[in-house]
Amino acid sequence: MEAGYNFAYLDEATKRMIRRAILKAVAIPGHQIPFGAREMPLPYGWGTGGIQVTASIIGPADTLKVIDQGADDTTNAISIRRFFARVADVATTERTEDASIIQTRHRIPEAPLREDQILVYQVPMPEPLFRLEPRIAETKRMHALADYGLMHTKLYEDIARLGRIGTAYNYPVMVNERYLMSPSPIPAFDNPKMDRMPALQLFGAGREKRIYAVPPYTPVRSLDFEDHPFRAIRAPHACTLCNSTASYLDEVVTDDQGGRVYVCSDTDFCRTEQERAA
Amino acid sequence: MNALLEAQGLSLRFGRVRALDDVAIAIWPGEVLAVVGESGSGKSTLLRVLSGQQRPEAGIIRFDGTDIHEAGEAALRRLSRTDWGFVHQNPRDGLRMAISAGGNIGERLMSNGARHYGDIRAQAKDWLARVEIDPARIDELPRNFSGGMQQRLQIARTLVTRPRLVFMDEPTGGLDVSVQAKLLDMLRALARDLSLAIIIVTHDIAAARLLAHRIVVMRHGQVVEEGLTDRVLDDPQHPYTQLLVSSVLAA
Amino acid sequence: MSYSLATEGLGKSFTLHLQNATAIPVLEGVDLSVAAGECVALSGPSGAGKSTLMRCLYGNYGAERGRILLRHRGEMLDLASAPARVVIEARRETIGYVSQFLRVIPRVSSLAIVAEPLIARGVAPAEAEARAASLLTRLNMAPRLHALPPATFSGGEQQRVNLARGFAAEYPVLLLDEPTASLDAANREIVITLIAEAKGRGAAIIGIFHDTEVRDRVADRLFTVLPIADAA
């Protein structure tokens, strides 16, 4: 462990403060709790909220996995994993099933998560209403009174203009039929995985200084209309590497002639599928 | 029959100005009540206080027999999106300008739990037709509409959930005279067909005569005269009402 | 004897606050009663207060003293002290008033103006419009005029719209202020017939008839209103 740093980088008082915010968030599923976010040794937008949540819950016995858009081997994922290896001396893994804490940016792993796992989301903008209602005081009032007609109005406008709900990322959800929540910019494809997930889901927004949570087995419902039900959309292809027709795919351009392939965005899932086939 | 909305002893000061001075007012189901008076008479303040947007320093407001502030802000907010409606003088204050006409009408339905796109759209079209806007323009933004159309859209958006009581603050204020007539006529028909109770604040005596069953005359935060519309206008008793009526050209 | 409408000691004066609170007494101690099926004509010199009395009876002017008793929903209602919404209810169901001049409402058709009191009393719109149309036609208003707002009509045409509106709802008590003033002979005859029909169904009618021939043909008796100075 790197000398001169407290375990997991944050001082114990800060961790306590963040844990209190997390407990409150768990107690009120989907409700945004303000917390005193600290300066972290990386810029906003690189996961400062998620890192502080992870730092506050991680213990020496934990095994950490970090993914960015589903991949374990991107710069951001690698540097965060190394960071915790250095300041907390914890084991890290790329295997979803081996991890006790998974910090993620913009994806939920394809493999079902378990009760003994925690999923920590990095959140750029925690307020689902921010594009619709610029006044923060008013959005707070709307949450307090569960006055979410405006969010449905946005979906109505989508259908009126595009013939369908055009939101593919950050698709708004109702948590426990009470709070409207931003699921962070995960693809709408991942939304159904949040519903009644056995793992605890924690969300940290560093710049916006908010923490929120979805406790295990909590109902999470994507907003929709009776006659325009929510649909999880994926590219209609099989993964070029593992042949999966169920996973969420990234489109990869392969040459200058417009050639492209579709591969799983979840690198661990893809490798597991390939190993199984081999 | 009991009053729908009843207020007693309303007082509110802004600094040294008495905006409301021991005001009592009541409105019955299906009744159109005009509050008239010049600028600064307290009539707009009265509307904001009656509709729960501002708390009085003293006095009580009962809707359906219940103190509107007793059950808390959530209940009040629910009231204002179900049983109540509010029509602003400037349609920009009552509309969402970046949302289509259909979305504007649909928002109140969705706020009250409507979750069927087709039904919401059908109701929006129906209401556009009722306020004499071509339903084919359902997906247009309000900014493409004239001032009169915007005001009618605001009325459609407010009435779509069939409120029992509608507060209106100078709804014809910013409109051309010819457009005002159309709007007044429409309001008159809607009030009758839907048995709406309406409290309308206006300084337009002619509009009050056309729409209102009853008139309340305000001055310096006090109600100086009230009664049957034609009696107050044709046989005014209070010196101020006589001045107000005599100042109007052929009301 | 039971009355449809009666006044007891009705008094009315106007205080003109804008003119140094000058008080002008107009009516004093008026005791008038009209029975069902009876037509009473108000007589007296011009300026004696006949129109003021009519307006008081309708509640358009507030009565200052005395009572105005109207048989409404089977009971005697004091219009002088009744709250506004009760006066409105009485106007909807019991007492009608045909003023000298039609108050024109922008954009509203003649047919709708005539049908409105019927609809307000709960008559189905289609039936109300059919009755309105037949009454307008009876008053020699060509069907093409029915759909037009009366703003551009002549004085006589406007008065016929006003009369149709007053007679359509078949009020138990009807107040007529100069109903034939701007009508030609043919239409005057129709109004006389309408008044006779109203009396026949038991309406109590109070009228101001400038035209003595009309007055003598419709009125059962006269009620004289004298200027207060003369009466004193």
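Each chain carries a letter (A, B and C) given by its place in the written order, and its residues are counted from 1.
Operating definition for what follows: a contact is a pair of C-beta atoms (placed from the backbone, for glycine too) under 8 Å apart; a residue touches a chain by one contact, two chains touch by 3 or more.
Remember, predicted model here, so these are calculated numbers, not experimental data.
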Smallest number of contact steps required from chain A to reach chain B: 1
Core chain by centroid distance, with centroids computed from Cα atoms only: B
Among the chains, which one keeps its Cα centre farthest from the Cα centre of chain A? C
Distance in whole angstrom between the CA centres of chain A and chain B is 46
Where the centres are mean C-alpha positions, what is the separation of chain B from chain C, in Å? 32
Let me have the rounded angstrom distance from the C-alpha centre of chain A over to the C-alpha centre of chain C, please. 76
Where in chain C do residues touch at least two different other chains? none
Of all residues in chain B, which touch chain C in the complex? 28, 31, 181-182, 184-185, 188, 192, 210, 213-214, 226-228, 230-231, 234-235, 237-239, 242-243, 246
Per the contact definition, I'd like the list of chain B residues that touch chain A in the complex. 73-74, 77-78, 81, 96, 99-100, 102-103, 106-112, 115-118, 120-121, 138-139
Can you name the residues of chain C that touch chain B in the complex? 14-18, 21, 55, 59-62, 84-85, 87-88, 105-108, 119-120
Residues of chain A touching chain B in their complex? 141, 144-145, 147-150, 152-153, 156-157, 159-161, 224-228
